[in-house]
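Before I ask anything, let me first share the structure, which is written out below as structure tokens.
The chains carry the letters A, B and C, assigned in the order they are written, with residues numbered from 1 in each.
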């Protein structure tokens, strides 16, 4: 992530203020942010690392155990199971969501759409719905006896698969997440598309380039940065999947296990199992994994540019 | 990041921390000067009630708020803050966190019987015998009193109980000409009759529920958990456990139970329209049926729980719980006095009126209680059935000192057998292994026999 | 999904504009004007310029997406007009029984001594202080990073962006334990403090400030003897306002929708925000004597999203330009 590079939005050097008495003025502006940042983000990370080196038991108290929580996590099938599940989720849901978002953004930007601003706002609206409400809503609809799925089954006399059964639950969760965030990503792409110079299109059209060719050769390259960032944040979001499965769990306790996602596992370990230390170790491992994957996405995104 | 930066951040962080903590402590804080004694006589309690102070109670049972109001009227100097911080497990999580954090716990908390050993073990609950509450033994049913007495200490007063019974739809049984089943074999036969006649109808719903499973094993005479201090035995394949699993397998493997989660809106719809024909559940259920399945009015009836042997009477407790005083409390005398008021004095009637099922002998034997004819249940004197059940609860049941966690992983293990319609015995074995490994992890000496 | 995604950054397009030319090959000779220019180009006409033919086909495909986006919201609206009884006994996607929306709203607001209103007030408090504070801190810091050179600047950038990758939810437990040792749990501080940080906001303001606040202007103010902070508040803040409103909007959504943090930090319902309160209502049916109020849960959910939707519509003019500008700058 950090390779977004420290000097990416670099202030033009010559213009920067270098007089000595102002050397520290910048700090005065940045300090309030950093103080709170240190308290709510840096300190918990450090505390988590500290916790992860101990083991506290209901019987027998607290003891320093070094890295044994980490070695235990790395050989814990439940942890790998949950990690595999979010990885699968990531590989399927993120491309679909970003693909839909990109399509919608291009469609709205194409000026070939009736009522385009209505579309823009409407597709974006789900983003304003709290994840809790979204999940409650979809949960009601997924009901295969009295929910929307049940209604459809009765109406057409068919038997749709239960959205909350083992084979389908991940897809159902993916649907909720896609619904929530497709409009948000669309808006990011759209904002980036809006600032491409129209001169470029005109020239291309004069040259007889097809729409498809313009999209591929002008628009997509121009918003590659936007796509990379949206990708990175979607990766982070997938690895942190928690709210949706956690709320759906009461409807599908047998299919959504306590270790359905790494975050749920960490949560249940500490909050129902009081294994705070082991849970902290899993949180730290997930932080490292997420950072590495985000770094890879960022890197592969930038490499294509060169 | 240079070192100067680090220093700056840490210094500012430290300053900010102190400032915020100081500000927060003004917001937090509770309790008055009611005295922080850890023990006291009835006189001490009475005296404390005449001094201005407040207590905080965490409870989700709807009756508690009304009881608190009545209490405040009787003792105007006392303020009782009732907080619903979540139902069951949600509350335990918060309670556990407050205990772990060393502050923030309430003075009184509602704790179900199955969860009590876990909190008792952590020394986070006050021993109520120090307030002379041992004398109250005769007031409570034997099974509930047994549930709040652990390791020779009294950790809670029973608030309600859930002796089990069979709730059934008379209209459905009549429609298919089914006689009220007295044994589990008859029950299974009825299940087949109903589901074969109407594929959308089921004898009951069951997607796997830890509380239900343990209650059923309890009725079957199983004693899967044995606890002696730090020595814990777990055997979910003992005779009783197997007996239940073998019977219930016939329903689950055959697909004769509805895959509807209890307490979901679909569940209440099924209970309303009769597509779920029976419930084997605690006797606190009538209020929920009346409130949430109003369309089922007049159709439901209550019968004793089916038996393994014809003519048997064995039952078990399902749900129910008591209230405990937290060690963290700074106002234990008032907290204890409130507990007594709520569970052994005027509070019991308020609780009954709100749909709670009593754990007090006097209420269970009162004519008013036994003679009550429920309109929802077609005028049946349902409390007679329940009171009988309360007397026939199998003795000697014990929960694990980490039952809350064990129940939380139930669906990862036994739940899988339900989902796959495979042998429940395998699910129980998995559950046993997972529970045992957690127990060892936490420092208990666990034997799986 | 998570607060991080909600606060996700609009893309700072990583490549300078001249890359477009490099990758688009033969397009380049036609227009040189697209290179070397640092200012944002808002020359592009509104979409729907005159010369393009509208496509029915494309509109139909997009209409499908529209239905997907709006169907659940429609469901929510339809069902908030039903009573508890009708809710369970009618087709979910159409009106049925008496139109009880207003009765439901009245009941929602009055239920349990009006705790919904209390939660609403809490949510507003968290949004005003949390999102407002986050926007303020991000603006100050973003501006400072954009307009001043100081030792350790690169380090700040690295740490802030690196921290975004750390899973916030998984850190909930250490955060809880730390906060409880500081006596912050079960107070509004436990919700407000973490909401004060918006790395995305910082980044957006940073990129936005570089161009929208001309350095010459700051120099001129300095010549006149104005202090740095005075200049910030009197001159720069105004120039930053589109970016600021964009950040404000995204932090508002993040705070308004915050669920997990309040869930673990708060144990008394007096401080609940709407999200946690609604979930508690949803769960309360599952106990002896508990009352099922699904109609109020649904109506409450409906009421919860209205203010945030209004905020979106109301502020959209501003935030779209802020987002657009922030997403291209290099």
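Basically, a residue touches a chain if its C-beta (ideal position, glycine included) is under 8 Å from a C-beta of that chain, and two chains touch if they have at least 3 such contacts.
The model shown is predicted, which means the values in this text are computed figures rather than measured ones.
> Could you tell me which chain lies farthest from chain C when each chain's centre is the average position of its Cα atoms?
Comparing chain centres, B lies farthest from chain C.
> Which two chains are joined by the greatest number of C-beta pairs in contact?
Counting C-beta pairs in contact for each chain pair, the top pair is A-C.
> So the centre of each chain is just the mean of its C-alpha atoms; given that, what is the distance between chain B and chain C in Å?
41
> Measuring from the mean C-alpha position of chain A to the mean C-alpha position of chain C, what distance in angstrom results?
One centre to the other, that is 15 Å.
> Counting only residues that touch at least 2 other chains, which ones in chain A make the list?
Residue numbers touching two or more other chains: 27, 34, 36, 39, 42-43, 140, 146-147, 250, 271, 276.
> Two or more other chains touching the same residue: where does that happen in chain B?
17, 20, 97, 100, 263, 265, 269
> Would you mind listing the residues of chain C that make contact with two or more other chains?
88, 151-152, 156, 158-159, 177, 193, 264, 283 - these are the residues of chain C that touch more than one other chain.
> If you look only at chain C, which of its residues touch chain B in the complex?
85, 87-89, 151-152, 155-156, 158-159, 176-177, 180-189, 193, 264, 267-269, 280, 283-292, 294
> Using the touch rule from the top, collect the residues of chain A that touch chain B in their complex.
By the definition above, chain A touches chain B via 27, 31, 34-36, 38-39, 42-43, 57-60, 140, 143, 145-147, 162, 166, 250-255, 257-259, 268, 271-276.
> For chain B, which residues are in contact with chain C within the complex?
These residues of chain B touch chain C: 1-2, 4-5, 17, 20-21, 23-25, 27-28, 58, 60-63, 83-88, 90, 94, 97-98, 100-104, 160, 162, 262-263, 265, 268-269, 272, 282, 284-285, 287-288, 291-292, 294-295, 319, 354-357.
> Of all residues in chain B, which touch chain A in the complex?
It is residues 8-10, 12-13, 16-17, 20, 89, 93, 96-97, 100, 121-122, 207-208, 230, 259-261, 263-266, 269-270, 401-402, 404-405, 408-409, 411-412, 415-416, 418-419, 438, 441-444 of chain B that touch chain A.
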